[in-house]
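In what comes next, subunit A is part of two complexes: it sits with subunit B in the first one and with subunit C in the second one.
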Partner chain A sequence: MTPAIVLILGGSVLLAASMVLKGGPQRDVYGQRNAMGLLSIFLLILAGACGFFRELPADLGNGLFRFDDSALASERLALLGGFLLVLISWSTAPKNFLGEYYGCLIIMLGAIPVVGASNDLVSLFLGLELISIPTYIMLGICKNDNPGAEATIKYFLLSAFASSFFLMGLSYLYGVSGSTNLQLIHEALGFEGGKLTMLAIMLVLCGLAFRITAVPFHFYAPDVFEGTSLTMAGAMSYLPKVAGFVAMIRILGPDMSPSAMSAVVPVLLVCAGLTMVIGNFMASAQNNLRRLLAYSSVAHTGYLLLAITALLRDNAEPNVLFSYLAAYAAMTLGFFACLGEIEAAGGRTHLVGDLSGMFYRRPAASIGLTVCLISLIGLPLTAGFWAKFMVFMGASAAGMTDPMSIFMAVLMAFNAVIAAGYYWRVMSKLFEKSDANVPLRVFRPSLFLAYTICVVLTLVWFFVPAVM
Partner chain B sequence: MDYLIPITILLPLLSGLAIFLAGYQGRKLVPFGIAASLATLLLSVGVVYSTFNGAKADPNSLATVGSAIEFAPSWLRIQLPVSIANHPVRWQLQFGVDGIGALMVLLTGIVTAAVCIFSLQQIRDRLHQYIALILISESMLMGVFMSMDLVSFYLFFEAVLLPLILLINGWGNSKEALSASRKFLLFTLAGSVPMVIGFIGIALQSASITNPSTVDLEVLSAMANQQQTEAVAGGAELVSTLATNQQWILWLLLLGFGIKLAVLPLHTWLPSTYAVANPNTTALIASVVAKLGVFGIVRIVLPLTPIGLASEAQILFASLGAIAIVYGAFVALSQSDLRKVFAYSSISHMGFVTVGLMSLNTEGMSGAAIQMFNHGIITCAMFLLLGMLEQRRANLTFTMEDLGMAALYPRISVLLIFFTLAGAGLPGLNGFVGELLAMMGMTRVNAAITAIAVLGTVLGAWYGLRIVQRLMFGSDGHSKHKPLIEGQGDCASLELTTLAFMAIVCVYIGVRPAGPMKMIEPDIARLVKVTEPASKIMHPDVDTLAQTAAK
Partner chain C sequence: MPNLFAWVVPMAPLVGCIVCAVLSFRGDRKIAHFPAILSLLFAALSSLCLVFFGGQGESGTTTYEGYRYLHVGGLTLDISLKIDTLCLTLLCVVTCISAMIAIYSKDYMHDDPGYARYFSVFCGFVFCMTMLVLSHNLLMMYAFWEGVGTCSYLLIGFWFRKPSAARAATKAFLVNRIADCGFLFGILLLGYAMGQVAGQASDSFFARLNFDNIFTSLPALASQHPDLLVWISLLLMIGAIGKSAQFPFHVWLPDAMEGPTPVSALIHAATMVTAGVYLMARLSPLMEYTPWVLSVVGWLGGITAFIAALMALFQDDLKRVLAYSTVSQLGYLFMALSAGSVKGFMALAVTAAMFHLVTHAFFKALLFLAAGNVMHAMGDVIDMRKFSGLKRVLPKTNLLFLVGAAALAGIPLLSGFFSKDGILAVLYDASADGEYGFQFKVLLGIGFLTAFMTAVYTSKAYFRTFHGTERIPEEAGHHAHESTNVMLAPMALLAVGALVVGGALGPTHILADYLGKSPTLVPHGEHHESLLIMIASGIVGIAGCAVGFMLSKAQPSTRTDGAMAAIADFGKNRLYIDWAYSRFIVLPLEFLAGVLGWLDTNLVDAFVMKIADLPRLAGLLGQRYQNGRVPAYTFVTAVGVAAVAIWIVSR
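After this line comes the complex of A and B, so read on.
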């Protein structure tokens, strides 16, 4: 638990620091930015070191938290996303709320291992709320205009709504099993469950579907992505997704009874199918880059849900999801970092057309974008290929007994092609000749570092997928 | 362990990357790029030579795919963080060359060298980058033809896309290049992404027999062969179960390979791409990239899912091939855009390959394999010639008057006539050998399909001669007096040498087909062990000649 404690405590310290940060016109903005960024990096490294040097007992126990492989993987994902997000935020964090911003970000990152390790409904819910509440604050402070306020209110209300669904589901789960301990709940789910169990699971899934932007709970995503700052949109596309999927793995245990399975799996399959189809079709209709990315993030949720269905039937391992999420972090956050650099240098990234001819104005960021886009399409030489490959593998393995699963895998393949269509649209814009040819010269080392890391990871993971 | 294989793959890749990384300095590296392509040609000749002298196929082995030379170091393995049937995925990658592969490697070497040499004259803009991309695609293509496992096959198959897209986009007809390359990308992906599910299906099914799972084609083909033999011995029920098991994989694979080889309803990407890309680029796409589909069927579909193929897809694909022959020929006859004429003629010729392949017997498959090579050489030459003509006369179409170019460009016209006749299947030239064998094979399976396909040879001669007549001799006598544009006379000696070399290859195969036949014979013989029984079981009443021979 040490890394999570380090991060949450450290985040609180940063939050408190915001009270003593000097405000007003004479303050040293750059100094404050650097100090906050360095402190956050220090906290992340400290947390990583705590995790690295920790010795786990052989018996994982059955308490409030349980450090199995999933917990460790979610910790790694949080740290990976954390490093990238801090680097991206370095020059883009709102300058009036530096302490609040970094504090909330670090607390969010600390909450992911809490979700990942929780072995109890209470701690799970605590972790999920620890992600939601800082998100409200960050959305509010990141952009102080009407769309920003709209995004904040929308997210706040819908998130509260989803949380209440989730809580209601948890209470039924408690009612069915007589315990809040997830191991005991899994045992209860293993018996032939009644309708109440199904209701409980459906309610829980509704609550989680909101966090991972699965259809039909995806409506907020494009508005929020468009309304908030670029960095925050990056965080929103990654962190809640990790938390939601990890929580899903935690709650839906592997040994569910056949009747529970036959109720849950079709729902998830249909949800996965709808999510990827709607996400991709809506994305291909967008001209606004943020909305495009929001829908593309919805589509990726669909692919991951397909992996979850394979996982439930014991045809895949949690590693499929974690690898996908890692690859997803590299490609999406890399994408946002490149866009951020273009924006910081004075370019516009509002519409797809704004990127026209960007290769001749900002070559490095454009090459970064290209690599991330190739990875998002899922072509070889990038990590995105193996990520999709493993999802296909899980779905096909499940399909050996259930033709529906094969069908969904093929559906996903065709979705990947639709997705290639709109990613290609973005990519070809970068290289086309355009009238705007003023080079953008402002250099932001932190953003450059962020997308360089993403590009390198994307390429390296292709050749060594075992460490993904 | 034969290091010729990695060198052949890496040499063009590294030289291409070197030119790219050199940036503006890369302009000076053009001769280096040409030299690299020629060196790769030499290497591919070396590959052919060592395949000839390589390991001979073991007649008792169950495997229906095998390599004469191979390269499979133990460190070359792919490890995924997941497991199949409780064994962590750790797949050994294999590279190897058999006769068919060697033939395609040689084709790639010849075509790339020719394209590089021609680009000196044809490409005015960013020549060094063009050559670099051609070299990178060559390396990927070599990788496809030399891989002996599913994973590396797929990776190279997919990776070819990236340089090709850049080539189509960067040096094509600028107005339409974007939409054409998008169509090309989406069509190819629509085939190849579902295909990966088929590959995974094969690997997963292998896990139930050779746990841990494998992607080695040799092992997988031996397994498929054994399964089929057992099923045939076990009776009709087992056969149909096996066919059902293979079928969903088969359709996914055929979708992918079918799009690449532009089988009829899936062909629409081909004319638009060929019409938009630079003819030089098209020469590479039409002659080698379009063969990836056929090669994939030979390498993966035939040995791994023979029963599934024979049960429904065989006749369907053969019919589609025959229809493509006639349809392509008719469309070629009715086009006025020369590039489209060539594109549809390419669809028509590929129909022969499909028909031959789907006969699943020795004659047909050898015909298809030989025709792959022949068509590659002929189409490459045709598109290179087209590029030269277009350079000399902008926006070249049939509707233009005053096209009699024979008087202006005697060398080009002789070469064009030669390759047109080779393409039309004139006896004594290479096109004849492949088409004849392919149709012989199909006659034994389904004479009706052959009857349709035969029309293609007549139509082929028709549109071929129409091209020659209109372009070369359609003059009203004025063109002779037109002044020659500076630097655009008849083809230069370098180009002449290249094309003459290709013409010699055509004549050689036409006159003495035994040479290349000897190379592919053992591979076809191995394949037939599994495909012919499959075809016989599924169509007991069609394969008439073969059955009388068997009795």
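After this line comes the complex of A and C, so read on.
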């Protein structure tokens, strides 16, 4: 548990420090920026080191937390995303709220391993709320205008709405099984349970569907992405997704009975199909870059849901899911980092058309965007290819016994084509000739570093997918 | 330790390729030769170390585990390297010669705007070629087979603004693609057939195509599916003759001379074009079961060797003479391989072919680089009608070219003499066979005839270029000069190779013994040195040179009489093969493409484009619900949750 403790405590210290550090108008903003950034990097490295040198007991036990493979994977994903997000935030974090911003970000990152290791309904819920509450604060401080406020309120209301389903599901689970311990619940119910158990599971999944922006809980995504800062949009497209999917693995457990599967899998499959289709259809009608990214994030949730169903059937290791999330982190956060650099250099990134001719104005960032887009499409030479390929293989292998699953795999292929359409539109804008051809010369090393890492990871993972 | 060396060989050029690619984006491009040459020297050293430290291991073949590239469902891809003496032989040739030519290129390409790009693709080619040679799996070999094809395409079309270069690159790529189709189908068929053999069916498709697996299950395969095996080796052979520019796929190689000359030396003379021979040698256990296919190979090789030599006789372009000569010599290699169709001759055939491959790589690379010097000095003119008597202007090049030409012509005691003699001797031995004896008698005749023609065109080209009255084209300006030492030094090394490699490896049986360590090439019979053949081929070589010398003196106008003029016309126009291809294959295909293109735009696209609009239109509809109002959102959400709840309760 050490990495999570390091991060949450460290985040709290940063939060507390922000009260002291608040100075007059002459305060050294850049000094604080660098200090906060370095401190966050230090915390992440410390947490990573703690995780790396920790010795895990052979017996995982049955306490509040369990460190199995998916717990460790969620920790790694949180740290990966954390590094990238801190680098992206370095020059984009709101200057009046540096301490609060970094504190909340670090706490959010610390909460993901908490969710990932949870073996108890209470800790699971705590972990998820530990992600939600900092998100409210960060949304509020990131953009101090009307759309920002609207996004914050909207997210708060809808999140509370979803949490209510989640809590209701948890209370039913407790009521049916008489325990809050997940192992005990799994043993007690064996998921053979009747309709009430299934209903409870469904309600819990509904609550998680909000975190991962699955249909029909996806409505907030475009509004919030548009209303908040780029960095925050990047964080929101990645961190809650990791937490939500890890929680899903936790709740659904490693061994479900066939009867329970016959209830859960169709719902997840339909949800996956709808999420893919709606995400991609809506995205292809978008000219607003932020909203396009929001819908693209919805569409990727659909593919990930398909991966979850494949895992449930095959009882396989959840590697497919985590590989996809890692590839997704590199390509999405890399995309946001590139956009961030263009914005920091004085370019506009509001509409797709704003990127017109960007290659001639900002070549490095444009190449980064191109690689990330190729990965998002899922073409070879990028990690995105293997990510999609593995999900597709998993789904179609499971589909040998179930026509619905194979149908979803085919649907996923169609969706990849639709997605290629709108990603390609963005990419072609980058390279077209346009009237705006003033080079953007402001250089932000942190952002450059962030997307360079993303691009390198995206390319390297294609050749060594085993470490993805 | 050998493990490390084995991996350095391909990885060093890969690093060089990436570094040069990055450099090509920077303003300062003049340092790109440094990482390239360094990485290639590393690769060359490592491959020599592998030879000296016995990288092939105790059993004669070792597989160096790499890493598991992919494991999804039933698909497992392991990247490993398989090393035996056969592959080490070619590996040394590839890495050493590429290092030499990279050094040569430093000055040859010095003021080219694509300097870094050149070295990047150059290293990329060496990476692909070494991986091709080291592949432990047929499918992996195919991937790098395509990789070398791509690099060749990029280098032929290096000066892509020149229409002829772009056309030549496309031609080379397309002709290779046609042959590669055969290769790919052969691989797929082989994988399918392996799946039918007991014990292999459980493996994944990729693992079935490991060379070791193929070799172990060959006897079972041959007894269960003999017909299938013939098809497989026939298809694989098509891939091999395509890459090695054998008739009827030979048309791409002469045009490939549009690329920079060092590239012609490396890719289109010394290394890539020998990949086909290597494929046949690597799969020799498979080929042994299908002697019929090997005899087809022999006929094709014989035809190619002869017609290419004929075409070389009548070319005025120095590089094209060398290109046709390469095609002709590759035909020799395939003739040698075909001797494997006689029982127990496989190891001898492969050894003879590999021997000539090695020596040919040295002297042909040398000749091309010398031609490059001429081109460099003559202001990119390479037409022998425009210059002559260059021995005073280019004294050192003259000497180096002479060494290469003498080796190619088969002057006794030089490299080419021994290796050509080796092939002729194998053919002679094989002609005693009952079943295929007649074929090898004919091939032996073609071999001698071609050897004679080779000597004729080589000496003719040499005397035309370097002797006679001194003429220098206008394009050269006033500064026609000898090349720099950076260019001459690697050529001198190659010249030493052209002089002594044959004598050092051939008569001493070093190469034969070395290749014999490979489990697939253990020699069965005793090879007889034939003094008769040796003397005959020596006489043929010297006589050919004399005739070539006389021809170079003859005025073109003396050759106007009937039969000779017809042959000359035939040879000049490449036997009208290119013409026939473009008339009878390309033209109908273009017509068909036109028809299909019209159908595509007016029928298919008209329909498909409408479908492509659907997602956008659906999205626009969906935007009505994305109205920004929280109550609307929660309503849809609640309906969704309710639907799920009802479904759960009611099932």
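Following the convention adopted for this analysis, the second predicted complex is superposed on the first by the 462 of 468 C-alpha atoms of A that agree within 3 Å, B and C clash if a C-alpha of one lies under 4 Å from a C-alpha of the other, contacts with A are read in each partner's own complex, and residues count from 1 in each chain.
By definition in this document, a contact is a pair of C-beta atoms (placed from the backbone, for glycine too) under 8 Å apart; a residue touches a chain by one contact, two chains touch by 3 or more.
Everything quoted here is computed from the prediction, not taken from an experiment.
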With the two structures laid over each other on chain A, which partner does A:Leu379 touch: subunit B (first), subunit C (second), both, or neither? first
Which partner does A:Ala17 contact after superposing on A: first (subunit B), second (subunit C), both, neither? neither
Is A:Pro465 in contact with subunit B, with subunit C, with both, or with neither (first, second, both, neither)? both
For A:Ala387, decide between first (touching subunit B), second (touching subunit C), both and neither. neither
Once chain A of both complexes is superposed, is A:Leu269 in touch with subunit B (first), subunit C (second), both, or neither? neither
Could you tell me if A:Val410 is touching subunit B, subunit C, both of them or neither one (first, second, both, neither)? first
Just subunit B (first), just subunit C (second), both, or neither: which does A:Val215 touch? second
Answer with first, second, both or neither: which of subunit B and subunit C does A:Ala420 touch in the superposed model? first
For A:Ile278, using the defined touch cut-off, is the partner it touches subunit B, subunit C, both, or neither? Pick first, second, both or neither. second
Just to be sure I follow: which residues of subunit A are touched by subunit B in one complex and then by subunit C in the other one? 386, 389-390, 393-394, 397, 421, 464-466
Using the touch definition from the top, list the residues of subunit C that touch subunit A in their complex. 67-75, 612, 615-620, 622-623, 626, 628, 630, 632-634, 636-637, 639-641, 644-645, 647-649, 651
Can you check the complex and tell me which residues of subunit A touch subunit B? 316-317, 319-320, 322-323, 374, 377-381, 385-386, 388-390, 392-397, 399-400, 403, 406, 409-410, 413-414, 416-417, 420-421, 424-425, 428, 431-432, 464-468
Given the complex, residues on subunit A that touch subunit C span 150, 154, 157-158, 161-162, 165, 195, 198-199, 202-203, 206, 215-217, 219-220, 222-223, 263, 267, 278, 280-286, 386, 389-390, 393-394, 397, 418, 421, 463-466
So in the complex, which bits of subunit B are touching subunit A? 78-84, 154-155, 158-159, 161-162, 169, 178, 181-182, 185-186, 189-190, 193-194, 196-197, 200-201, 204, 248, 252
